[in-house]
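Down below is the structure, laid out as structure tokens.
Labels A, B, C, D, E and F are assigned to the chains in the order they are written; within every chain, residues are numbered from 1.
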């Protein structure tokens, strides 16, 4: 356990954390001094590696290895302190009790101020919603005094749902916009580590610019808000507890 | 206009602001140095004054006068800087263009950091949802550069929806809990100014205690959150724009 | 099987039935002559026994034993005829085919007029929503003529969802309020059997009082409804079939 | 005011009450001894009288007159005690303050045990949802002690939303099925009074038969429920207050 | 693989495809030249065969056998090219990884232009919603380049959700009506193959007639739409991609 | 009336039609031979002309005049056949009976194959949702045989809701993606006519590119869909009626 503030990202496949919350990671890791941990439940080796599979003689192990290298490079670009690969398989992702408890161990070890994972729904990709369902279950287990008694139990960290692809099909509604202008270069660098999904580089650049517009609208509108050029959006699962509205 | 931070409460009837956000008002007015303004669109003279109407010889003017006195006393107990009575009538509340523009004038004069009003839905009391609908419309007008050109246009203040009666029937979901322990005595004093609705005193005391439990759960749970004894809940209409999750 | 009317409560953890439907149990068992059965799928031994786990040298077996004693005492106070402990484990609760069929056996044996279980959603406690999902699945199996052919199949009993903690976060909306004034003393007595969760005693007393207000509102409002002082709320899963509106 | 039980139907156009709740009317009026009143806010003379308008030389007055005669005949067949035609115009229906207060007068005079009106939403026919919105507003006004002080105020009658056309497009979900087998002949007779909309006779006969199936399913299913052959479905706006689940 | 257009129906129990999309099957198979394949995940032998189980000496194998014969007859009447029985058991239906991959194999072999399955929700019958959940998961797996590399991956076929029983309780909302007038006789013939569920023959005939009314309304209304006499409704899971609105 | 196919856009403010459905307009007008009509209910002169109002000595009439010129230029670039300015005022937009009937007259004159308007909800801009509500009301009136008897009544055209700003906050969910690659240059040219809102040019270019990605995903995904580079999304209000799934 660290005395620094901490955050934990739970990513169904090894590239999700880059597109969806790379800016939040870099901002907290580099600007705000958090230790940010990332758990990749799978490599997305079967379902999100089409480009690799089109190469002759490709094997599952080589796909995993290349996906892992990409994710590690991206994590480094973003300032991630610790990235773990659970290698649980994808399409479908499936977690037994042991895998859940392994995730609980990480949650308790990190004791995050906040957690990040996928949207509640995804009709295109059932692994995504599954990862969030498990993240909520494991958050609950980590809070249980009777799970591995003696360990420090988890408090009540917020779980932010990061931006899915085709947001409207997922029923995802962001309630929080984060200005990532200062770390945009790092996010773009991390994005460019994803060599197998080059068709998404500009997509998520467009998205970040348009979220910047949303940030400006909601921080001031035509009266002049904050001049954020790049932003990310998040949906909160739990209520906030505050001392000033 | 003031150089202090400001907040604006839009209350359909003259007692709503007490039950539903008296704690938020007192906290910001007394502890945090805000100038808090309250607009009561009506006195609730027809629909929320049953006890007065049961007295012999009661008249509409006397009901209004007693309701106004109660609201002024409560406002004083809460540290409200300015309370205005639009006297637009209730059951049903109805606002024409002039009334809307009068509300826009107040919004622009106050330039609030945040606004407070009713839930989006209320099948028991159509005045409540109507007030919020108008609050949103007037927020929009106040942002228009072409409305009374030359005046300072409004930025993008949050609109918090305070707690309705029978929350689940309203589809109201709080995303924000505010600790009002330090100002609870003021809220209870304001509540006791509402002599015509004594049956609600304990109801909203119970509610504040139970919201205190929700505050504790969401700020730490069984790992030990903040020891809030009284709280209020709010639902946000617009996304937040922030620099740290 | 009994010739008396019957009801069945399916409780994820061994204390849930007390807070959430203790009044309904006592009313039907004591005043209305039902045989009420309760199934506790787990003791809540890992996740809902923080106070016990803070004692030195606590073991899982001792926690279960103390939780069981509390639940038995509460059941007795409420007039429960039969309480069964499935001891399936909690945080997470997980039911295999055998456990489901065991629950089906109970449902068929009881042949309940109505069933009671948790809300459809609970982002804080995935065991709760899971229990209701299984209750619905087992209700379906109990209706199947091909399951243990020869046994009496189940009719179409209502499934009422009792009040969760933080109702608005669960998307729970009560459509039925039950007056429990006459049996309130029994519910309070049962609540006080829950020695490990004393922080919830007043919470659920407040809740019952405020639900009493909802009962009065919906049975007459300001024209004078029933003077219920304590009530419980329930959400129905299935439509009612009636002969008079 | 009557000493008998009473019910009030608020129908946007003069034929709606027949298709949508003719069975409920006849059952309560004929079998259960209620005085049932019907208010037709308009004749549906512009928008629901295509067949009449296709006749040569048709005028608005003649359409109204024929629609009124049809509705009166249907009301008689159903045992309606009192049918009133507000003649407020349709497509669009629009009610000013006087029209609302006129409806409040009827509600207070009837003092209904329950009210019936349209679904909350109808993208095909905005008059329908408007009628329900007004019904809820007028229910609220009728409860106000300050509206025509001295009159008997309204209690808290249920508002049932009867079956719209194309139910799924309206977001209407019935929570209550009423067995109308005993009065089906009366409903069919009332339906056949609607000479201008013969294309709907079989439609609503089919609907009543299929709702009979839903009644059977929900009252017993494959274990053998009530043998209802015809039923109607309703959605409740407010919670019920009861003494037995 | 065929050079003809293809469609795939995934049916939880062996009769579902008849009631819910028999018209769509016959229309595409007979009129439009598709090869239509049907997968029955179970026979509905435990939960949807009450009439058979009421016969003396009935066994599970005999129920399956009779259900299979009925389904094969219905499939023939509808022009189905290929019907497969996975025989996975019902009440509850449960699919392990092998069963999912078997379904993926079929999807890939068929390469359907569109797929058909159950509604997202069904509180009466958890097998139905489960089948659709698995259909979506298997559609995803079939799209994965890393699943059985070398096989032709699936494109992005629409998944239509066919009409459930008690549509409003399922939250099912049709966005597409298909005119099945030309093939109605085939659908009725297929329905009559279902000897064990005769109580549903008229139910689904009524439903098809009333959906015909919906077709007319939405294709022209009172201005004169298409004279469809029978129709079926479907809800789309994914957006359409088109070249003309 | 024309013998060509027709479409009608109802735009709350004079620029909305450009950002939100400029591609659909150009595609249908230029490539598909439709006569496309546009009604601008207001100029957006008060609320959407901040840049103009910041100029010295600006007047309402000059703002309107400049906004009109921009809209006419954009309409020309898109191939619009007819653009009408109702000049009803904005912030808030308000339509009395005469204004509604004027819109009905246009709808009947155009007899559109489909209509286009705003999303159902918009908490930032109440004019938008209001315009759609009125569009639905006027569609209904245009269908009424008793409205201006003798005129050709309207059939049942689809109403497509075009893309709002901050889609997720509006609860807008596109079910239809239209490939606008072939007319993108025209849409960009129209966008550049909007000199007062230059900050939105790139925003809606980004949006169109990302919707192109959604088109590709839904027309084929990783198996290779249509190579649309620009697209627009739409939500349908009414079900489709078709002859092939």
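The working rule: contacts are C-beta pairs under 8 Å (C-beta built on N, C-alpha and C of every residue); 3 or more make two chains touch, one makes a residue touch a chain.
For clarity, every value in this text was computed on a predicted model and none was experimentally measured.
Colleague: So which chains count as neighbours of both subunit C and subunit E?
Modeller: The shared contacts of subunit C and subunit E, listed by label, come to A, D.
Colleague: Select the chain at the greatest separation from subunit F, using centres from the mean of Cα atoms.
Modeller: C
Colleague: Counting in whole Å, what is the centre-to-centre distance of subunit D and subunit E, each centre being its mean C-alpha position?
Modeller: 36
Colleague: Report the inter-centroid distance (CA atoms only) between subunit C and subunit F in whole Å.
Modeller: Centres of subunit C and subunit F (C-alpha means) sit 52 Å apart.
Colleague: Name the residues of subunit C that each touch 2 or more other chains.
Modeller: Counting only residues that touch two or more other chains, subunit C contributes 50, 124, 143, 145, 169, 174, 214, 217, 222, 233, 238-239.
Colleague: All pairs of touching chains?
Modeller: Taking the chains two at a time, the touching pairs are A-B, A-C, A-E, A-F, B-C, B-D, B-F, C-D, C-E, D-E, D-F, E-F.
Colleague: Of all residues in subunit B, which touch subunit D in the complex?
Modeller: Going by the criterion above, the answer is residues 45-47, 49-50, 53-54, 58, 60, 63, 90-92, 94, 123-127, 169.
Colleague: Quick check: in the complex, which residue numbers of subunit C touch subunit D?
Modeller: 7, 24, 27-28, 32, 113-114, 143, 145, 152-156, 158, 160, 174-179, 214-215, 217-226, 228, 231, 233-234, 236, 238-245
Colleague: Enumerate the contact residues on subunit C facing subunit E in the complex.
Modeller: Interface residues on subunit C, with respect to subunit E: 97, 100, 133, 136-137, 140-141, 143-147, 149, 237-239.
Colleague: Spell out the residues on subunit C that touch subunit B in their complex, using ranges where they run on.
Modeller: 50, 124, 165-169, 171-174, 199, 202-203, 206-207, 209-210, 213-214, 217, 222, 233
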